[in-house]
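One structure is given below, represented as structure tokens, and several questions about it will come after.
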Amino acid sequence: MSTLTLRDRYLAMVRMRRFEEACLAGVADREIHGEVHLGIGQEAIAAGLLGYLTDEDALVSTHRNHLHALAKGVPMYPLMAEIFEKRTGLCGGFGGHMHIFDLPRRFSTTGIVGSTLPVALGHAYAARLSGRASVAVGVTGDGGANAGGFHESLNIAGSLRLPLVVLIENNEWAISVPFEESTATATLAERAVSYRAWGKRVDGLDVLAVASAFGEAVDYARSGLGPAVLEATCYRFRGHYEGDPDMYRPAGDRDARRRDRDPLLITRESVVVEGGADPVSLAQEEQAIADEVDTVLAAVRRDLMPDGMQARDHVFTRGTAR
Amino acid sequence: MSTLTLRDRYLAMVRMRRFEEACLAGVADREIHGEVHLGIGQEAIAAGLLGYLTDEDALVSTHRNHLHALAKGVPMYPLMAEIFEKRTGLCGGFGGHMHIFDLPRRFSTTGIVGSTLPVALGHAYAARLSGRASVAVGVTGDGGANAGGFHESLNIAGSLRLPLVVLIENNEWAISVPFEESTATATLAERAVSYRAWGKRVDGLDVLAVASAFGEAVDYARSGLGPAVLEATCYRFRGHYEGDPDMYRPAGDRDARRRDRDPLLITRESVVVEGGADPVSLAQEEQAIADEVDTVLAAVRRDLMPDGMQARDHVFTRGTAR
Amino acid sequence: MSIASEAAVRNVNVSQCVAEAINLEMDRDASVVMLGEDIGRSGGVFGTTRGLQRQFGPDRVRDTPISEMAFTGMAVGLAMEGYRPIVEIMFVDFIGVCLEQVYNAAAKIPYMTGGAVKMPIVFKTAGGCIGSAAQHSQCLWGLFAHLPGMRIVVPSSPYDYKGMMAAAIDSDDPVVFIEHKGLLLRKAGSFAHGREVPRERYLAALDRAAVLRPGSDVTLVTLSLTVGESLAAAAVLADEGISVEVIDLRSVVPLDFDTICASVAKTGRLLVVDEDYLGFGLSGEIVTGAVERVGTSAVRHVLRHGVPDVPVPAALSLEQQIVPRQASIERAVRKLASRS
Amino acid sequence: MSIASEAAVRNVNVSQCVAEAINLEMDRDASVVMLGEDIGRSGGVFGTTRGLQRQFGPDRVRDTPISEMAFTGMAVGLAMEGYRPIVEIMFVDFIGVCLEQVYNAAAKIPYMTGGAVKMPIVFKTAGGCIGSAAQHSQCLWGLFAHLPGMRIVVPSSPYDYKGMMAAAIDSDDPVVFIEHKGLLLRKAGSFAHGREVPRERYLAALDRAAVLRPGSDVTLVTLSLTVGESLAAAAVLADEGISVEVIDLRSVVPLDFDTICASVAKTGRLLVVDEDYLGFGLSGEIVTGAVERVGTSAVRHVLRHGVPDVPVPAALSLEQQIVPRQASIERAVRKLASRS
């Protein structure tokens, strides 16, 4: 188990929420011109990952990747700058929100659903080849778990006992398709047996429960026993992407979930009530985080877009394949 | 349970073996110019299917499909003619051995591993749409069960409770890769739980055991409970394709398996010893089957190849898309 | 094609035209069924299937899991059962997870069976650049076109979106129907061509190009969203004294070379504007096909304007440099017109 | 390229040349690893990886399950870890199950990262027709070539199979390396060109075409197995008084237009012979690229000879009608040479 306190994790969640809100502002002001998928409401999962991974461990994420990037230690500034399509971004503005790459931290993403696990499996195989006791985390949503790559990757990991940790964020929806309608079983964790994998389902609004289960999963994989499947349940607070009219979910249910089951509020309550945190100093720390994010946002907004003249760079043929 | 006797099934197996041997002759004489995959040694599985399916039920098979075609009632003559690339074949010689289609019998094949189940799922969905109480059988080898389509198709079948029967012929090898090396679990049938499916593993050399298990699987699917996964174990007697040097399997083991565990010999023994069959009349029937196949082979050999001038037919653009 | 009177222009967007076409086909033919992600409960991420599930039920308008290999294969099985499936691959960029069933099964089965089995499947998908970077901005009609056995339909106007979808469903051949994300939410009234969309069912030809604007200096061949951009460019260029004949391809396979060649024979200058990758695709086929038919002496000058064989970048500043739009089309025409 | 003295021609087949190249690269660079079906224990269905697993162990030469999506993706992850993976897709026809990781990940990541991440992956695969019908006979280099970001390498001689495989592994760009099933088991001594294969390591250029036979009447551009067929055809045609310049492309992306255009400028007649589907692919790109560079007046006559946009049929009688081989190439040259 990591040495992080509940308060640490809570503050990380605050930082994540503020980060997503900064992105929201970028959408509202049309600074981000592509589509954006936010993880608001799912912070307890990402914050539960903290403390278990080093730069030697890999994490491969999805279209909904910002929180995982932060959890993996990707610095906020170049991350936000990439999402804002700026030349100061991690990829110089060539990648954008769905294509975040931070090689030194072994963090990458893809916008194609189901494509994360195969890449994570490659990192897990690299660990084997290089004799490193590292793990590779592949993230998928509940929807992505129905793609063929899930099966292929877990079977390979199981048969070679590779250190692959599959983190399923089950937020009950894949765009407009509810989990129960698209999945044969009641849980996704129970599929673990098909791959001789460790499997567990955890309440993804409970950051400590996630942390403890993720710690177990990582330990299992790291010790060479094979892959682990951790399913964390949660709820997508916003539309699938910013701009999604989200008419397919009962509005009453959605509003109630957001009001009554916000992981940020739940965790804050624990920090104060059970952890006995001083509300004043907590509020100060929250404010400091908000200020940090605001400062980054303001700076990113001042950054330049990439130079259009470079649009043909970075392909070996330089746009003259022909 | 079907009304077929063990003797009926045995004779069907003899017919299948003789059919494959006729194809072998076509390879030896270079009449078949493409690659050919034979099912010798796996007859007890195909013969176990007999009696449970009608033309309303579909069967989608693989590169190793001849026995399934015969089990599905595809007539021997146009089947063999197609394998021999003749104009009298099921597809007029356009398809060939890996692409056998008999639409009235709802039988089809594909040469792409893992692609059978999605197509079978379509047939299962058609049963649902049309209100037919039919089933769709999708065949795969042990190797093909590791392809993504296996997972995707079974999950859909499980969540919609579609009448899909997945028949896995586990012959221990996928070309040169042994089953245990490519698969995380000890059996494939145990994956059924991931799809809320019926699942069973059966000895695929025991034709009655296959028949009874297949009957159960079909009943389960037909009654609307959802998909069924039947894994039948067997052993690939010959190289993966005709011409395969097959140096990757220990020759001693292979020879012993072929000698001691030939389903044809095993079943014949049962027919005689347990079934009390008269060896003389049995031999006569065997001979009659051999004669039938020989007659078909001789006729197919006399048939013409398709007219080369038709090579651009059957595509709407007639080879002039441009 | 004349511009309809405003009275006849309905207040519909392109997605509604598509939904209307599918609706009419499903209504008249019970064998038409639809499979795809988010087509039912939500009516499609762009609304091209809105209302269909409510009308025809969840069995005929099936929201699938994210399992493209399985449900494209289902369409093949359904077609063998006599159904006429429409499969939605949400974005064409995702075809890499399920091309197998499209090109090795659906496209080949009619041929592999010596004509015995038809594959009346529509693969409906959205392409084109609206700012979503490398994995969500591609067109890829050139990829499908290289693989024989499929019609490739790429409409540009509200009228064609409806009429060609109806004809695609009606066709016994497999059809890849590629919508442009940048057109789907546009109102019919905002188009300069094909604005008038009848309420009733009609079929638009699947294999004819359309001369949308006659001209004498340059033949500009294009499709999809860049048709509108090209018409706008042609209007500007006319003021500069450059007469551009704008041809809307409508179909990529087959190509209507009669229309293309008649124009090139007249102008001697051929410009292909293509939002797909430039190399090894549509533009090379059109130039070569024209040269093969009318000879190199008749095709005096050729120019291609398309995405210059790089992925689509995220930042607008980069994207604008590589995706053909009105201003860059004008530049291309001027360049070609200046050659003699 | 001169024909080597018999003494220098080793008794190896093309597959052995490939295995030798991989062996030498794996030996000098521990970051080279290989993934694929049947590459280890069996040494490859055509023997192109024979002996490698014994030498380098099962971790570096990994027999995978039939899970192409997973193991092509593994290569992407491995490349991000600093490895140089070689992935074998047994037959190119199977690319439809895993194109996703090839074109949306490997091919785009260098660009999507603004040059920060390299993808030194070789996708090694076998194409070409040897009688196995519609799903096992395709070439498909035109499909890959349409998608930017990958080198497409298609050697024709034993020398190039070895040298270009070495260069492909050595390259920091993703490379699709397409072998021809009909060449892999042929002995070096049976080739008319590139028969001499050094034992030691060497790299052959990845982006240069080769003029294998000079000629003055017709420029014949081709690649892979039809190079040998074309050389044989050219010898026959020489006796008839037709002088054919035979160019072996070697690389499809990038194309070496310097070599092509120099020849066309001389002959004025361009024939592309392509075993891939004719439409929307290599031949259109070559004709158009040549016209763009030397102008329509210099390219007086063009002709394309390839698989006429139908799947490959099973029966030999049908196959012979659509797959280009020596006799049909001769007919095509005669047809083009007769035009003036």
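A, B, C and D label the chains in the order they appear, each numbered from 1.
Criterion: contacts are C-beta pairs under 8 Å (C-beta built on N, C-alpha and C of every residue); 3 or more make two chains touch, one makes a residue touch a chain.
All figures in this text were calculated on a predicted structure; none of them were measured in a lab.
Visitor: Kindly list which chains stay connected to each other once subunit D is removed from the assembly in thought.
Guide: Drop subunit D and the rest stays one piece.
Visitor: Report, in whole Å, the distance between the mean C-alpha point of subunit A and the mean C-alpha point of subunit D.
Guide: Here subunit A and subunit D have centroids separated by 41 Å.
Visitor: Using mean C-alpha positions as chain centres, tell me how far subunit C is from subunit D in Å, no decimals.
Guide: 32
Visitor: How far is the middle of subunit A from the middle of subunit C, if each middle is the mean of its Cα atoms, in Å?
Guide: Each chain's C-alpha centroid was found; their separation is 35 Å.
Visitor: Can you list every residue of subunit D that touches 2 or more other chains, as numbers and ranges?
Guide: 64-65, 67-70, 93-94, 96-97, 100-101, 104, 111-112, 133-135, 145, 148-149, 253, 279-280, 284-285, 289, 309-311, 313-314
Visitor: Where in subunit A do residues touch two or more other chains at once?
Guide: 91, 93-95, 99, 110, 112, 115, 146-149, 151-152, 155-156, 159, 181-183, 306, 314-315, 317, 320-322
Visitor: Determine the shape of the graph in which chains are vertices and touching pairs are edges (line, ring, star, complete, other).
Guide: complete
Visitor: Flag every residue of subunit C that touches subunit A in the complex, lowest number first.
Guide: Subunit C reaches subunit A through residues 37-38, 40-42, 45, 63-70, 93-94, 96-97, 131-136, 278-280, 284, 308-311, 313-322.
Visitor: Any idea which subunit A residues touch subunit C in the complex?
Guide: 33-35, 82, 85-87, 91, 93-99, 110-115, 143-144, 146-149, 174-177, 181-183, 247-248, 305-312, 314-315, 317, 319-322
Visitor: Using the touch definition up top, name the residues of subunit B that touch subunit A in the complex.
Guide: On the subunit B side, the touching residues are 146-152, 154-155, 157-159, 181-185, 190-191, 193-197, 226.
Visitor: Over in the complex, which subunit C residues touch subunit B? Could you list them?
Guide: 33, 59-60, 62, 64-65, 67-83, 85, 100-101, 104-105, 109-117, 145, 148-149, 151, 173, 253-255, 257, 285, 288-289
Visitor: Taking the touch rule as given, give the residues of subunit D at its contact with subunit C in the complex, in rising order.
Guide: Listed in rising order, the residues are 69, 93-104, 107-108, 111-112, 133-135, 142-143, 145-149, 253, 277, 279-285, 287-289, 291-292, 296-297, 299-304, 309-311, 313-314.
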